[in-house]
Amino acid sequence: MPLLELDNFVSGYGDAVVIDGMNLAINEHEGLSVLGRNGVGKTTLMLSIMGHARHVGGSLRWNGDDLGHVPAYRRARLGLGWVPQERDIFPSLTVEENLLVAGRSGRFDLEAIYRLFPRLRQRRSNMGGKLSGGEQQMLAIGRTLMTNPKLLLLDEPFEGLAPVIVEELEETLQRLRREEGFATIIVEQRAEDALRLSDRAIVLDRGRVVLEGSSQELLADFGRVQEWIAV
Amino acid sequence: MSFAIETRDLTLRFGSFTAVNAVSLQVRKGARHAIIGPNGAGKTSLVHALTGSIPSTSGRVFISGRDMTGSSQRARVRSGLTRTFQINQLFPKLTVLDNVCMAILEREQRSKVFWTSMAAERSVLEEGRELLELAQLGPQADKVVASLPYGMRRLVEIAIALATRPDIIVLDEPAAGVPTTQSEAIFERIAALPRDLTLLFVEHNMNLVFRFAERITVLAEGAIMTEGTPAEISKDERVREVYLGRGGHHAAA
Amino acid sequence: MTQKYDLRVALPILIALALAAYFLFPGYLGLFSTIFIVATFALSYDLLQGYAGIVSLGHAVFFGIGAYTVAILGGAGITDPILTLLAGLMINAAVAGLLARIVVTGNDFTRLLVTLGVGFLFFEAANQAHWLTGGADGLASFTVGEIFGVFRFDMWGRTAFFYTLAILVIVYLAVWRITTSPFGLALRGIRENTTRMHAIGSPVSRHMAVTYVLSGGLAGLAGAALAQTSNFASLDMLGFERSADVVVMTALGGTGSIPGVVLGATIFTWFKDMLSAISPRYWHLGIGLFLMASVFVLPDGLAGIPARVQRWLRRRSS
Amino acid sequence: ADDKVVVGVVLPLSGAFADQGSHYETGMRLYQKVHGTKVAGKEVELVVRDDQGPGSGDLARRLTQELILRNGANIILGYSFTPNAMSVATLLTEAKIPAIIVNAATSSITTKSDYFTRVSMTLSQVTYTLGKWAASNGIGSAYTIVSDYAPGIDAETWFTKGFTEGGGKVLGSDRTPVAATEYGPFLQRAIEAKPGAIFAFNPGGDVSIAFMKQSGERLKGTGIKLMVTGDVVDDNLLPAMGSAVQDVISAWHYQEDVDTPENKAFLEAFRADHEGAPSYRVLQGYDGMDMIYKALEETGGDVSADALMSRFKGMKLASPRGPILIEPDTRDITQNIYIRKGEFVDGKGSNNTIAVVDMVRDPAK
Amino acid sequence: MNLTSLLTVVVDGVAYGMLLFLFSIGLSITLGLMRFVNLAHGAFAMCGGYILVVLTGRLGIPFLLVLPIAFLLTGAIGIALERTLIRHVYRKPELQHVLFSIGLAFAAGAVANIIFGPQQQPIALPGWATQRVEFLGVVTSGYRLFIMASGVVALLALLLLINRTLFGARIRAAVDNRVTAEGIGINVSGLFAAAFGLGAAFAGLGGALAVGFLGLDPSFPLKYLVLVLMVVAIGGPGSVGGSFIAAIFLGLADSLFKYLLPEVGGFVIYTILVLAMVFMPYGLARRGA
């Protein structure tokens, strides 16, 4: 049974439909890239999975259970972890508080996060809002890891990070998938980097999947991807 | 020769934490100069201290040869130094035209005029439109900023800075959050600015840095680690270790 | 577009309604004058809060000083209404200029409390300066002259009606002009993004201080007009309740909208008057429920009604 | 309509002073219940408006104006607070409408318009009398604590005048913020001065309850007497003050224990549908109506201002509080001032008369 | 002036400060932590007051038993209001909070007026409370001592709750960004209901304790609003410790000035307020947000 399954899923905001009939399944250990131009609905897909957009039709299942009416915070407790595009650090909490409020028992605790991002340990009592751009990005990822999710939704996670950090993070994510059965969905602007990281990829346009395949295939035939993502 | 920007032992502390540590930086007139360095190295803080957004703790700042150390941000803008922001700082509910006119009005000292109509500011409005044409935002002039896609908002960020008619412009991660294709377009537009305009920029996208910078300063833990041409920097072992990583980068052709 | 609407549509409607009311409800002229004065005061506050984003819980200080100016000058034999009205404006602008420094620094929350504190200090000072202000007894025995030496303030309130309406229209125009000027654009900039204003070299504190001075001066006109038309000045005119009322009225009308605020002041004042006549003891219940309901029914204030109607019409037609 | 007399009533009926206002109205309604709503063949109608308390002189003025112009009020009865009464002076003069002040106690109000008269008291009348009485009854020195606003200053001035004229010595005078509910430090200062008595005035309601409770605690065992004006220990507030009223000396123009037949009737009528003791304010509302009825009886229903004013001037009434006289020259009230002593017996407080000063004229005029 | 008098005045000041603390701490929770501009704080306090009056006065339930009842009952009323109305107001601009909560305060006062009448309520304090207590010449009352003890207990309880658990941090997180907070598993609406209930409950307790000093009538909800706002502002909104220090400081300053320099009495606390806000814009707790 897939971990997460979208079946003819439709969602949006108010009257507007953004995700327009999506079929998607993701299994344990799997890494999926979501590609597409600005505004095609990548973030909306994440928000819909988390329960923050308006569910219009179709179904969304987690381990076979329908998530349709499950409130957002419960989805998070079920094992969905989401790193928002805008980082959305809690500015009036310290770095450590930002991590602690998310904490649920599991592999990642404060210590594990600090090991992953030593920079955060140094700034642990800084206010979240006063961090540098990249530090905020690390904190956003760390905070979500603190919830020990089974499926990690990453919306442009490498934005503003130093190249070394990106490398390290990529490795960590790969290892988690291999060793812990994590699944990841990554939205990324740098399509080639994203494909190198994932097993499978989908390309969105106007709320629909227009291209789908294993990452290797798509990398090999990158021109077809380019068609859909170039401006 | 005199520098567009020169700092001597510039230091900025937040409480007991030193974000910028005795930085002595020199940027020549007309330079295309990049600052790179690990997250939290103090790049944005250096920009704050340079532009006076946050007063520096000690050290001196010279702008076009003039000592501006204690001056307000306003005074520095008036002497030709303008910045953009890592995270957009726009007037989201106003039109794109109003966004740039705001800066023109300040430059022309017209912003204190409360007794005549904005519509009467013909020359300001005209200049605003011209500038937007130049920034390829012409068709967007009368749209509300909040309704623009992210990439275009990034351009407005730069357009506002240009509206102050700066001699020196400091860009903090101008390409952040913009898709690759668009970020290159943004940089090309920046590169096309007049050569006598001094350009100092912070950026994490190494493709862009190595393509557009003529000189690179590497900042780590608040201090300058090294400085050099793109070729020199890409070869530097220490820079690779703390910043570039194994993948490394080469100066673009 | 809305700016033209404020001038070419809303203002003529306002004047026409006022004149119609004059003939239709001659027994209510006193209430109308009060409404015009309160609306004038609300506009002065809207300039401050709705446009410069400076929240204040002490705006009545200027209202009160305006009133006292008239009363004290009147007691000293300076009775020409236009003269004392202008004196109210100037003195308030000066006082606002002195206070601007401490008000402008800080953030929203501290401004709220600084203005609150300053308001109470003025109140206490006026209470103590019995020799000047009459303390808690107020000032009642001063003369108010005739306007242009011709129009006497009569007890039916006819002169007062036209006089206060004229002041409202003038302040309406003044606020409209200020907010549509280059300075007005800068104020919107400050409200939307102060960080950026600093970065383009805008003298943010100075702009805010100037707004405070303008707003204080205009509030003084309202206070002066009240003292002239009611031949009375007292402590409450600079008291906390009047400050709080003006915040409520402005919010009710829709901050940042000139006609909205006039409407907010009108409805609030009228509604209070009506309820308190119906039930002098329990009308607080009505006003309380009204305010609570307004939050749900009118989330953008009265000024938001046209937009809502438009949206509704569009939805129906589509 | 010719068969109707409209009495415009302006009182604080909402907010912090709603309690005060409701008492006057109770008194007015009570009068009509006892004496009917008709006098001299005319129906007397009350039109009641809320002036919200001392904070709104301009509102009081507008309400008065509306009562006159819109409701056709022939006479106004109301004003609990001095500024509100002050604000209507010029209006009354211009409109030629008489007004009976139901409470506001600053002496000078009645000089501001020839159409004012008063059914309550003046603070000078009460405090001057108290000062005199204290000096000649064994109290050699005093310390004054008054609320820092116009009536408080009136009280301080006239108490001091009466007290020193009688040979007493004022050792110190403090003025307290009007809304203060914490009096410990002031009491401490007074205690240190070691006076024979403390004289206090404050604006009634919660403030006076707080003051009384705290002075009750503090003055116990110090031998210092407490003297106040009667509104501070209004009969109506005594249940909320508990034992603090014990031994407190006060001066006022009315309390429950006044021994007149009129008072018996008044109390009986009051108790028919109210609990506890009436506030002096109820009486003032009641007597205000009495003045109107008596005047209308005498004019035979003529409501013209001159006719009414001429009846008010020199009017003598047998009020529940004892005889009262409206002075023909000042239009202000002359009446008995009672010196009372507080007692707390069986969980119930009361103000008991220990001396009567007959027919006191306002000393300020 | 002598030492025992001065000490008496200091004790007065501390007691008054504790009263201010108890009275305002509920607002520090709703305004400071939840950023809900709750000008109806006084209405909840009034609610506690009337519960005290009715239960002790009319039903004869012992004072000490009534206090926890006032706490819980007011808290329950707070939660009920939160669930039905107030939760829809959080996300609106602050001015709308002002309109709503001022409206609520007005309405609550009017309802109290209709039910209980406009008069001051008699408050029956137990015998030990009105007892005069003298210690080394310093005079105070049983009630003041009780208030001081209650203040310390409330301070410790709240410090434990907010600093030792993540309760406070979670609320701040949810206020900063509701969507993200839910995204990491915080049950925001439940948390807000609990926090609002807690604020209301403390308002109810503070009100029940305060009416013995301040009296009680239907105008109560707005009468002490300014004082309470001042304590919260000077203390730094959301900071329990800050509010405590601010309250004690204001109480002491008020007392000492009344005692030593009564002429300036009316100006003192407002001067403190203005100076504090100009020089310490984030209050005593320097948690700038």
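For clarity, chains are labelled A, B, C, D and E in written order, and residue numbers in each chain start from 1.
Everything below uses one rule, namely that a residue touches a chain if its C-beta (ideal position, glycine included) is under 8 Å from a C-beta of that chain, and two chains touch if they have at least 3 such contacts.
Just so we're clear, the structure is a prediction, and the values are computed from it rather than from any experiment.
Peer 1: Which chains are in contact with both chain A and chain C?
Peer 2: Per touch definition, common to chain A and chain C: B, E.
Peer 1: Through how few touching steps can chain C be joined to chain D?
Peer 2: Between chain C and chain D, the shortest chain-hopping route counts 1.
Peer 1: Taking each chain's centre as the mean of its CA atoms, which one is farthest from the centre of chain B?
Peer 2: It is D whose centre lies farthest from that of chain B.
Peer 1: Select the chain at the greatest separation from chain A, using centres from the mean of Cα atoms.
Peer 2: So the farthest one, by centre of C-alpha atoms, is D.
Peer 1: CA centre of chain B versus CA centre of chain D: separation in Å?
Peer 2: 74
Peer 1: Can you compute the centre-to-centre distance for chain A and chain D, using the mean CA position of each chain? Integer Å is fine.
Peer 2: That pair's centroid distance is 75 Å.
Peer 1: Between chain C and chain E, what's the gap in Å when you average each chain's C-alpha atoms?
Peer 2: A distance of 32 Å separates the two centres.
Peer 1: Whole-Å distance, chain D centre to chain E centre, using C-alpha means?
Peer 2: 35
Peer 1: Residues of chain C that contact two or more other chains, please.
Peer 2: Residue numbers touching two or more other chains: 124, 127-128, 281-284.
Peer 1: Indicate the residues of chain D shared as contacts by at least two other chains.
Peer 2: Where chain D meets two or more other chains at a single residue, that happens at 15, 18, 22, 148, 177-178.
Peer 1: Hey, what residues on chain A touch two or more of the other chains?
Peer 2: none
Peer 1: Please list, in label order, each pair of chains that touches.
Peer 2: A-B, A-E, B-C, C-D, C-E, D-E
Peer 1: Report the residues of chain E in contact with chain D in the complex, numbered from low to high.
Peer 2: These residues of chain E touch chain D: 1-2, 5, 8-9, 12-13, 16, 113, 117-123, 125, 130, 132, 139, 141, 213-219, 223, 254-256, 258-259, 262-263, 265-266.
Peer 1: Inside the complex, what are the residues of chain A that reach chain E?
Peer 2: 47, 50-52, 71-73, 76-77, 81-82, 84, 88, 90-93, 97-98, 100-102, 104, 127, 129, 143-144, 146-147
Peer 1: Any idea which chain E residues touch chain A in the complex?
Peer 2: 166, 169-170, 172-173, 175-177, 179-188, 287-289
Peer 1: Quick one: in the complex, what on chain C touches chain D?
Peer 2: So the residues of chain C touching chain D come out as 27-28, 30-31, 34, 124, 127-128, 130, 134-138, 140-141, 155-157, 226, 230-232, 234-237, 239, 241, 276-277, 280-284.
Peer 1: If we count contacts the way the header does, which residues on chain B are in touch with chain A in the complex?
Peer 2: Chain B reaches chain A through residues 14, 17, 37-41, 43-45, 86-87, 149-151, 173, 176-182, 204, 206, 241-247, 249.
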